[in-house]
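First subunit A sits with subunit B, and in the next complex the same chain sits with subunit C.
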Partner chain A sequence: MKELSLNILDIAGNSVKAGATRIIIALTETDETLSIVFEDNGCGMTKEQVESVTDPFFTTRTTRNVGLGIPFLKLAAEQTGGSFSIESTPEKDSPGNHGTKTTALFYKNNIDFTPLGDVVSTVTTLIMGSPATDWLFTHTYGEKEVRMDTAEIRGVLGDDVPLDSYEVIEWIRSSLEEEYDSFYK
Partner chain B sequence: MTANSLAEKLKLEVVCCPCPEKEVSGVYIGDLLSWVMGRAKEGDAWLTIMSNINIVAVASLADTAAVILTEGVTVDEKITETAAAKGVNIFTSNKPSYETAVEISELI
Partner chain C sequence: MKSLAELQAIKDKMKDKVVLREGTGEIRVVVGMATCGIAAGARPVLNAFVEGVNKENLSEKVTVSQTGCIGICQYEPVVEVFEAGKEKVTYVKMNAEKAAEIIESHLKNGNVVEKYTIGANQ
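Let's look at the complex of A and B:
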């Protein structure tokens, strides 16, 4: 994809579809690398399913026989000399502690590195699309950190204010933008 | 023009051609797979230098007539097998994408 933020949108969408109530998206940067880690408490996958998700002809959808979110992210990571992995625990094996962790490592200085793009829009879109989910988004670069925890926001606002109301979404967007203003400086 | 006669006329190397009678009606050139997926049209010969397994999925989704790997790019056996199973024609050429497209344009 043209921007990694679009991959993030897609992969986090998988967690929502897996019924996750808490989804963590953690971006960690150094001068050379960017790692993107997705962690959810969704229904998880069996060993066979994990093996097949990087296969572009695998999908849980029935409308077409190819799903390309994971294969594209894997390709984007590997074409920078980086790596990609998925670990998952299915609900039926471990009812109390299940979910999926997806990790992609990129070498930023490689010429084929895909730019991160508009992460703020991605995060606000995800929250808007699934406001009942607890989203934790972090992006760290050395000492710098951008952080958005919707469980925290919910704690402050109370359960009566939906997170997808216009005011809340706009506040989330502007507060992320503000944090990013000083992020790369 | 059918895919197999295009390969013959352009002297392309045939990696696999499970659907030789597919009609080539146009050309699309692109290497960003998500972009190609939404833009290549049915019946296009898709010219690319990407040789990842994902090209088979993209070609299958976009229903292109053939994938032509240009600039001497080759594919491994696993991709050939998958393409054959999924009905995706793959040819290769040593020429750049532009020259290949010009030659196709003279034929269709």
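Let's look at the complex of A and C:
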């Protein structure tokens, strides 16, 4: 992947496929590090599945026998000297409180750090692809914060206007772009 | 986030439009957005279709959606166009410029852009 934002798009897709109704993507930056955390309330995975998802030859998809999404993200983190972890609680063990938390830590000053790229497009693409999901995206850097909470948007729009309407997506895009304008300054 | 008042204005403006939009969608454009598609550049392709369809006022007859792996990863980004009563058209090795051409020729005027189909790229 040329940008970490593409890994984010890809990995968040796993939460959608796990049937999550709420997906949190939290980016936290310092001058040295970037952490990306995905948290969902999807069906979760068993211990065995968690152990095998970093194996490229494990996948749930049926079109072929390789799954490269998680291995790509893990590699991108580890090649900067960072780390990667997944914790998961399967629905069958814990019907009331299940889901998956995936964490990737990157060292930004490492020469092998992949740039974050166009995160705004990733967030709008995710919302368009799964408009009924509650998405919470946050990106913090010291005191600065970019935030997009689709539950708040839905609170205003009600049931009349779906989140994947072009006008709403464009509003989300410009809202995020506006916040990013002053983010690294 | 930006002021939610603006969102309220969008809601008021769109109420009638949404009713119109439902029940149509004779043409479906589906973009493969699994790991293979994303890595090959599907995100700008999807956005080009979403933007183009809306700018050309085609949103009443064309819906754009995302799907997983279509199974021909070596041809990604892959876009499938479904139209009632017609055979599915599969466009391969897509980019945003090709998407613009397909919107103009195929979605607007009904002429398949043969050179970008899988048949012309095998």
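Here are some notes:
Everything that follows uses one rule, which is that the second predicted complex is superposed on the first by the 185 of 185 C-alpha atoms of A that agree within 3 Å, B and C clash if a C-alpha of one lies under 4 Å from a C-alpha of the other, contacts with A are read in each partner's own complex, and residues count from 1 in each chain.
Following the convention adopted for this analysis, a residue touches a chain if its C-beta (ideal position, glycine included) is under 8 Å from a C-beta of that chain, and two chains touch if they have at least 3 such contacts.
Here the structure is a predicted model, which means the values were calculated and not measured.
With both structures placed on the common chain, the touch criterion links A:75 to subunit B but leaves subunit C unconnected. By the touch criterion defined above, A:158 reaches subunit C but does not reach subunit B. Ranked by how many residues of subunit A each touches, subunit B and subunit C are led by C. In the superposition on chain A, contact of A:56 is made with subunit B only, not with subunit C.
Of the two partner chains placed around the shared chain by superposition, subunit C is the only one that A:149 touches, whereas subunit B remains out of contact.
Once the two complexes are overlaid on chain A, the subunit A residues touched by subunit B in the first and by subunit C in the second are 1, 6, 64, 68, 72. Contact residues of subunit C toward subunit A in the complex are 1-2, 4, 6-8, 10-11, 13-15, 18, 33-36, 38-39, 43-44, 46-47, 50, 54, 59, 65-66, 68-71, 73. Subunit A makes touch with subunit B in their complex at residues 1-2, 6, 55-57, 64, 66, 68, 71-72, 75.
Considering their complex, residues 1, 6, 9-10, 13, 17, 61, 63-64, 67-69, 72, 118, 121-122, 124-125, 128-129, 147-149, 152-153, 156-158, 160-162, 165-169, 171, 174-175, 178-179 of subunit A touch subunit C.
Taken together, the subunit B residues at the contact with subunit A in this complex read 32-35, 37, 52-54, 56-58, 60-61, 82, 86.
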